[in-house]
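Both complexes shown next keep chain A, but they swap its partner, so chain B is in the first and chain C is in the second.
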Partner chain A sequence: MTDILLSIRNLDVEYITPGDPVCAVKNVSFDIARGEIFGLVGESGSGKSTVVQAILRTLPPPAIITGGEILLNGKDILSMSDREVKKFRWQEISIVMQSAMNALNPVIPIRKQISDVLYTHKGYSREKAHQRIKELFDLVDIHYDRMDSYPHELSGGMRQRIVLAIALALMPPLIIMDEPTTALDVIVEREILFKVLELRKELGFTILFITHDLNLLLEFTDRVGVMLKGELVESDEAVRINSGGQHPYTKKLIGALPSATGPRRKDLLPRPEQFKIGEKPLIEIHNLNKKFHLSGFIRPKMLHAVKDVSFNIYPGEIVSLVGESGSGKSTIARLIARLIPPTSGTIILDGIDIFKSEPRSASLNYRRKVQMVFQDPFGSLNSVHTVFHHLARPIIRHRLIPQAELYKYIIDMLETVGLSPGSLFADKFPHEMSGGERQRVAIARALSLQPELIVADEPTSMLDVSIRMHILQILANLRGEKNVAVLFITHDLASARYLADRIIVLKNGSQVEHGNSEELIQSPQHTYTKQLIAAASPGWLKKNLLKTNENRDSK
Partner chain B sequence: MSTRLNDSILIRWLRGILTNKKALAGSFLVLSFIFIAFVGPFFTYDPNAFLDTPLSPPTFTHWFGTTGQGQDVLAQTISGARQTLLIGFCTGFFVVVIGALIGGISGYYGGRVDDILSMVINVFLVMPGLPLMVILASWLPPGPLTLMGVLVLTGWAWNARVIRSQMMALRGRDFVSAAIVSGERNIRIIVIEIMPRMLSLLASSFIGASIYAISAQVGLEFLGLGDVSTVTWGTNLYWASNDLALLTGSWWTFVPTGLSIAFVSFGLTMINFGIDEVTNPRLISERNWRKLLPKGKMNDGITPVVINHD
Partner chain C sequence: MSKSINYLLRRLGFYAIAAWAALTLNFFIPRMMPGDPAAIIFARFRGKLKPEAMNALRETFGLTDEPLLGQYFTYLKNLLTGNLGISIAYFPQPVTDIISTALLWTIFLAGISLIISFSIGTLLGTLAAWKRGSKLDSILPPALAFFGAFPYFWLAMVALFVFGFGLGWFPLRHAYGEHVTPGLNFPFIIDAIYHAILPASTMILVSLGGWMLSMRNTMITTLGADYITFAHAKGLPSRMIMLKFAARNAILPNFTGFGMAIGFVLSGALLTEIIFSYPGQGYLLLEAVRAQDFPLMQGLFMTITLAVLGANWLVDIAILFLDPRTRR
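Our next item is the complex of A and B:
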């Protein structure tokens, strides 16, 4: 490495508290060469975003930087005066943030938001700014008549491209991307990253890329740094990390996640085929429709969230609903859990049409048989009650177990989901547990009623990578031990493939494809499924980049 | 069977309040008034008896002087505290309970139920409270229960509105959905699952409503709309004004009562600030870290660098 653009030396960041200061980043050092893409990976709380904010010196109080140097082009950012820092932000380093909707001001047209940057830093006139904005829109492939749109009029992918355009506005040598695609769907994510790679080829800026998704980084970056609890535990060429890495934590991250393509790995989860599945359907869903009333009274505007969805689930089976956000998969979950009423359609449980027999709200019998696990374990447990309360209430309500045996039963349940010793966890409050532990409690709660169907709505998407597999493992074990059927809802094709017997692919509220997991992954029929699988396979970015280069050369 | 109360949100919250200076000072002030109101009348003169020369300034026998009727002002102030505080806190309690019940049900169920209850709340909100209070108080037979009824009737709607919107926000949370899926009854979800999450709101509503009740009550009685034969802070002021205390310059007949009202309200407000800080830790932490930073190292949008801060 000869030409170093950014060099971080022994960076320390602390949070001031009335007691001892809390160390957020400890002795972090790394270099980024000019033109390189450096990736920083770590779980939530590992300090990766803190490092980024320290570089820009935008850490909110009570954080202070307590040591080290951050050299950009040889100039130390930490010894700059406040005025210098303000000038250098955006001129020298810009940032693309996770949520484009939050980064853009919803009440100001996009053109104004970009010209603000140009005016403040460069003093551009109206015409000059207009010209520059046109160029920037060209760069990120958005037609410039969208210039006067407001952020909400654009799709998520377009918004993220606008944020990218703002980051490029002053052509800073370094662009920081802090989880820029986490809120986006896979296909859009790949498009955006592809665009970034293209632009870098053209304009030659340097990128510091932050994410919790190691697979993405390995494909996208030149070098990778792995952070754990505020320390940089490993930093190496992406290729070398990919082949295993040195630190045990890196190894754990690499081996943690299955992939949607390629041969099935044997070590991760038991093959779905080995389980017994009942003959008669447990639940039949026919032509389920849900329309949401958006606005308007006389001529109402409706959102048709679920369109004519029909499928069966057999006892002991795992069926996966796969789709992007807005595909209606969570609505289907809430319909089956009877949290919202359908617009039309039937659900038949054990041969009984439940909307006919229980039109207003679900009977206790239905509630006992169909349980739900929610996406966000921080929201689905009530912070004022103990774990014991969460598990005991449903059982008491349904009079499932005599009072005297309740405690023992709950301890058993907790140990079934891997929380042992159960007596220790029974007394805990939600805030005293990690995200993974909370999700286990949520599963135990669903399980405590001995249901026949568990609707799991993205149970792993809010969890850190290293614990996702454990949760999937628990679900896989349950169907084996307790013969519970699971409707597994996810946007991640890979976990659906490993866990489910059948996969149903949803798009815009309709079923586009339905089939056995392995078959569907190996030979998808519908174009949308093919796109999804392609976007989830490794090497996709580089393949496409090569293709466009060839096209360009042949022209 | 074990259920741990230690570390439950209520205990955490109480612990926070006990370590908060504002809340402590406020509680001390209010509790000492309550204590004096409770115990004091056993040790003072009869507040209604003619004891000495009317309108005599403070002396050693009558620390706060005497009124126009020759009654002991200290005894009147202390006895007055009894009824005024009792009605104040009871009214505060009922305002919050009724507000929580109607606002909570309205926000939880939504739809048709919310339409009807919201309409009722709105009607009570737009009714001019003060004139209504005056008319009702003068029309109904005077007495402490009347006063309470009037104050609750004119005061509950605002609380109901606030609690309704908080309920609507919590209603959509996953923990509520989870309780519904497990078959829990609606009323139990409202009372056991959601209400504890609103504890800080309920507590500060109670304190706010108590301040409102004390001042409104004193106001009505000062206008002569209470039962003038009882001894309260309001009637004390009523008699002081009737005896032309300002004209005669006998300040001791109204200053003790006025100061008591001010101190109680001040104490309650301090408790409210304290609750705010405990349940919204941002408020307090900002002040704390500002104190801990070395001089000249403020964060004005730029993170300070403090090397070797030990």
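Our next item is the complex of A and C:
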């Protein structure tokens, strides 16, 4: 590497706490050459975002850079004065942040959020700024009619393209992308990445790409650095990392996620053939509809969130609902858990039409048989109660276990979901546990009522990659040991394939395809399913980039 | 933009319905009372009331020989033409005149105190949040909370005693002195401001802490938002980030509180006006209750209802401008 743009040498960042300082970044060094794409991968808390903030010098207190240097074009960023830093930001380095909705000021039109940079750094006149904004909108393929829109009026993908336009406004040599696509749906994610790569080819900037998703990085980066607990444990060419990597943690990350396509992995879970799946359906759902009232009293505006969805789940079966955000999958979960009433349709549980026999509220019996695990393990446990309390309350409510045996029963439950020793975890409060541990508690809570169906709404999407597999494993084991059926709701085709016997694909509230997992993945019928699978396949980006190049050449 | 107008018209329609409901209640409640309210009041005064007052009372309640529906329409017509009847306590002055004078004083005193208190409190809150942990942030909130925790009437009386009675810096009562003639002349305006300083300062002192704390707390949450970090990364000037990004967003909930406060203000700062014998709505309400002046009370209730609804509509308009997300 001859032409080095950014060089980080022995960077240390500490958080000053009342006790001992906590090391967030330890002795991290890496170089990024001009024009390359460098990927930094790590789980939450690995310090990757802290590195980004150190580069921009936006570290919030009590974080302090205690050592090392950061050189951009040979200039040391850390020794600059505050005034110099203000000037250098955005001129030299810009950033695309994780969630575009939150990166844009909600009360100011997007035009002004681009022009403020142009005014501040370049002193542009009104006309000149206007001209530049038009150019930028063109670059990211948004019609400049949209200039006066507010952030909430744009879709997630569009907002992220606007942020990209802001990042390009001053043409800085380095653009940092901090999880730029995490909040987006798969297909949109690929479109954005595709756009980024296209622009890079055109404009030639350097990218530092931060993500927790190693498989994604390997698709398009030149080199990859792997971070673990504040340290850079490995840094190498993407190709070499792809073929295995050196550090055990890298290996673990590569093996952490199942793939959506290609041959099934050897360590996959046992298949449904090996289980006894009941012949009579546990729950039958017929023509389920849900409309939400949006606004208007006389002429109401309705959102048809779920349209004529019908399917069955058999005892001991795992069925997966796959769809993007807004596809109605969470609404279906809530309908089945009877947290909200449907507009029309029937749900038959154990041969009983529940809306006919108990139209107003669900009986205790129904609540016991159908239990839910929520997406956010941080929000679903009340922070003022212990784990024991969370598990004991539903059991007492349903009078399931005599008081004397309650404690032992709960300890057993905790150990079933891998929280061992159970007696230690029973006394913990939610904030004393990691996200993965909390999600296990949530599963234990659902399980403690001996339900027949567990509705799991994106149970792994907020967890780190290496923990996701464990949670999936627990869900898979449940049906083996307790013959519990699971309705697994996810946006991730790969985990659906990994866990479920059958997959139902949803789009805009309708069922577009339904079939056995493997058949559906191998030979999708519907265009939308095909799109989803294509977007989740490795090599998608490269293939498409080549394609557009050919088109350009032929023109 | 047409969507916004549509929205405002819909809100206006809603408030019109609310106002109509309140006015209708105001009409029917006296009729649901056992007996004739006018006669009850007349009896209570044991002949001290002139027969003309009795007739005025009857007329106010619309207790004529007309059928009920007819009475209702007469009542509505009277309201629309601003005829609220004749006051008993201030006989024979029309209620409309009495209330409009009191309303002006209330808007002057309580309205200005509210605006000053809101502006200073919000500004202090912004600065405290921006320089979190600074001297300003660590001294002012507890100090203001301390003043806010006093019973208001006690604080006002102490202020009146010390600055009005003891030091003699400020007048003890009324909205203006006897030596000036009311009207748009310079000595009168100066005198009115002079009389308002003490009551206004006590009101500001008590309410400042609330505005400051709520602004500070909302803004600290806002400062953690991604768009603030993003603005810093963009290298924008600090003042711009503080005002256009952080305060601009944090002020929205505070502003809703401001709208609600306007409603309360127009119903009169009761305690202030009583302690300082200030001729506003609150003082008038107290007088009306004391004198069992039903026409005046009815008129006051109606003004308060309309004022609260009107203030809320104004806030709806303002929020529409401040928060684009409501323009749907």
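Just so we're on the same page, the second predicted complex is superposed on the first by the 552 of 555 C-alpha atoms of A that agree within 3 Å, B and C clash if a C-alpha of one lies under 4 Å from a C-alpha of the other, contacts with A are read in each partner's own complex, and residues count from 1 in each chain.
Heads up, the rule we're going with is that a residue touches a chain if its C-beta (ideal position, glycine included) is under 8 Å from a C-beta of that chain, and two chains touch if they have at least 3 such contacts.
These numbers were taken from a predicted model, which means no experiment stands behind them.
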- Who contacts more of chain A, chain B or chain C? B
- In the superposed arrangement, does A:517 touch chain B (first), chain C (second), both or neither? neither
- Task: Could you tell me if A:120 is touching chain B, chain C, both of them or neither one (first, second, both, neither)?
- Result: second
- Examine A:102 and indicate which partner it touches, taking first as chain B and second as chain C; both and neither are also allowed. second
- Message: If we overlay the two complexes on their shared chain A, which of chain B and chain C does A:364 touch? Say first, second, both or neither.
- Response: first
- Is A:86 in contact with chain B, with chain C, with both, or with neither (first, second, both, neither)? both
- Message: With both complexes superposed on chain A, which partner does A:58 reach: first (chain B), second (chain C), both or neither?
- Response: both
- Message: Output check: A:427 vs chain B and chain C. Expected answer is one of first, second, both, neither. What do you get?
- Response: first
- Shared chain A surface residues [contacts with chain B and with chain C]: 58, 85-86
- Would you tell me which residues of chain A are touching chain B in their complex? 16-18, 53-54, 57-67, 78-79, 82, 85-86, 334, 337-339, 364, 367-368, 370-372, 374-376, 379-386, 388-389, 393-394, 397-398, 406-407, 426-427, 429, 432, 442, 445, 449
- Item | Of chain B, residues touching chain A in the complex | 1-4, 7-10, 173-175, 177-185, 193, 196-197, 199, 285-286, 288-290, 292-293, 297, 299-309
- Task: Enumerate the contact residues on chain C facing chain A in the complex.
- Result: 225-227, 229-237, 240, 244-245, 248-249, 252, 322-325, 328
- Query: Tell me, which parts of chain A touch chain C in their complex?
  - Reply: 56, 58, 85-91, 94-95, 97-99, 102-109, 116-117, 120-121, 150, 152, 163, 166, 295
